[in-house]
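Chains: A, B and C, in written order; residue numbering restarts at 1 for each.
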């Protein structure tokens, strides 16, 4: 989302309690559609793991009646009935649950499939968090739609404050050139629009592939050698450790020379949710370590 | 000099009774003609004689050695076959086509020599297709292809020549030329054994005849004895008139 | 044809292959001048340049060459085996089997050697499956083998779709790149190059027998070829070549179809010339295609299979259009 839209959402979320009094519970979503509920939703279906996590963060965990596959956080979410993979949803199962709110994900769900749900009169709220603030807004919006606006506003505020603290802490830190590897074969990274890259920037790092046009570009090993990052970071389980070890072959790399090959804990940075704050804090500590090694 | 004999040979045509076992002796110098209506098994017989098909029973002997005990390469040095149908899936020139006849005579690592090339060119010349040697076979007419196929057999130069309808697609002049060539080969102590559908060609050029009947009956012997109007009428189920011209019998439908 | 010196076209192709390889190691997402490239090859140059050229580009160029050569030779053999100039190495379902093996390994979270090994096992399983099914009863013809292979290939296709449908989205890119054919997987070029050279040496003495076989199995038998053993050995050899190529680079399309076809138009159909020419021309083509894949949107990368298909489809249609 670009800044004007973001600003609009932000303003809307602040005004939301007032608007609700005036014309029912209305919130504008990521598709700029206004979603209005006569009263807070009690039966919510989440159509992506990220949406599930945000719903639980918004205090609506007990109102979620079904989730999409791979919704594994928090642990309670994994126990809920599933309505299919995010890009192959079981519409019949969703409809038969008689939800009063469906939370969809712009980057995962099929627009045409969900139009059938809207057509059946089921309100669909679309999420597409592209910035840290989008995450905060999403939590407060979801909390608002599910009847706990105060809790949502508070959690959003805590998240914003945490990010602001990190930003202040590392604003003047020595810049570190970072290559963030998200896949090995083929070799893939992220550009500046991806939240992971924003977290790197927040911690005073510089994403060496930030300027590439695609969100998740596929690159060559030689491009990495030429960019000569000072730290190479990936996330995941210990299996991914071997991705990092493979770089040791190239002793000329600054990251290898300084032993700056880092494995971040899995999941914290993978989804645009409140856990991003923990992920970002961990990443910032990692970059501090990288600075010390240089 | 090679002779091919069959001992109580019954060719295998699925779903048909075995009929009369064949005890043929195909001797050097002989020109055999096989006559019979369509579907009687002339091609199957030819393929069986060449060792390309297992007979239902009986066996084939090449100079007294059972054919199935011999290596294919040795067999193909002594016996060759012109097929009725040919596959031209890949483009090849007439010369290349004739040259594959040298295959049985070369070891795996050997390339074709100038001599092999000369043999192939002589064969193309003998069949009057030398002017087409660089043309792709699939661009030639049916008759030209037929002559290239016979030239391939000539390049192979086996002692026993098996031919399936060698005069197919040929005009009158080339029919005669091919038949003359086959007789010449026989005169050089080779044996020629061919299926024909033209009674008069058989009468004019063959000295031995094998008649195959649809019910599995067969009879064979010198042409004079076999080419009897009544026998041929029952063979083809067609009334025939015959006359003698220049010492050879001639048959026309009556 | 056999008599006119077969060495000349092979020398030309060898030179082309060498130039393509030189081009391929001298360009990439990082620009290294031609003189610098030569300097690195002769043993000097900066450390970064040496790493880029000797450790990254050269193995990949050799892998591309091996893969292209393997596929083109396998394609030429399959075409003779099936007596069909439109056959390709994958027509009997080999790549499908390899893909199922590789994707299952990826689905289980494996990487590197396990994926390659699993792909090779899948390709060999596919080979044996088609062998067994086509071998089953007595009558055996190229069309029966072709039909068996095509149906088995369709079966693999369904299994591939099933695996893709069951895979979490995060693992999909690796799988899709594998299916499109991608040289970034190639670990080492040597097994492929060695098998390519060995098979070319093994095939050479069979070359004339293959020429005869191309005229049909009866004609070949009448000329002294032991048709059945020859057919099975070229089937197994083509399968080994294809399995090796697929293991290195996934299913790179069109090289195995177009290269033998184009060479036949130019050089005739003597397998003793065509097979080594396929090894050289197929290798050269894939080296060029991979170079394009690496530089078109550098530093981002395209899978090489996309490039071969983009080049291969119009070339093939043109040849087809011209031939009728």
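Heads up, the rule we're going with is that a contact is a pair of C-beta atoms (placed from the backbone, for glycine too) under 8 Å apart; a residue touches a chain by one contact, two chains touch by 3 or more.
Remember, it's a predicted structure, so these values are computed and weren't measured experimentally.
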Practice prompt. Point out which chain occupies the most central position, where each centre is the mean of Cα atoms.
Written response: C
Response to the item:
Computed over C-alpha atoms, the centroid farthest from that of chain B is that of chain A
Discussion item. Please tell me the distance, in whole Å, between the geometric centres of chain B and chain C computed from their C-alpha atoms.
Written reply: 43
Worksheet item: Distance from the CA centroid of chain A to that of chain B, rounded to the nearest Å?
Response: 82
Fill in: Inter-centroid spacing, chain C versus chain A (mean Cα positions, whole Å)
42
Discussion item. Give the list of chain A residues in touch with chain C in this complex.
Written reply: 69-70, 86-88, 108, 183-188, 209, 212, 214, 216-223, 225-226, 239, 242, 249-250, 252
Worksheet entry | Residues of chain B touching chain C in the complex | 47, 50-52, 71-77, 80-81, 83, 86-93, 95-97, 99-101, 103-104, 106, 108-109, 111-112, 114, 117, 156
Response to the item:
Note: in the complex, chain C contacts chain B through residues 1-3, 79-80, 83-85, 204-206, 208-209, 211-212, 214-216, 218-219, 221-226, 264, 268-270, 272
Practice prompt. Write out the stretch or stretches of chain C touching chain A in their complex.
Written response: 28-30, 47-48, 51-52, 55-57, 109, 111-112, 165, 168-169, 173-174, 177, 182, 184-185, 294, 298-301, 303
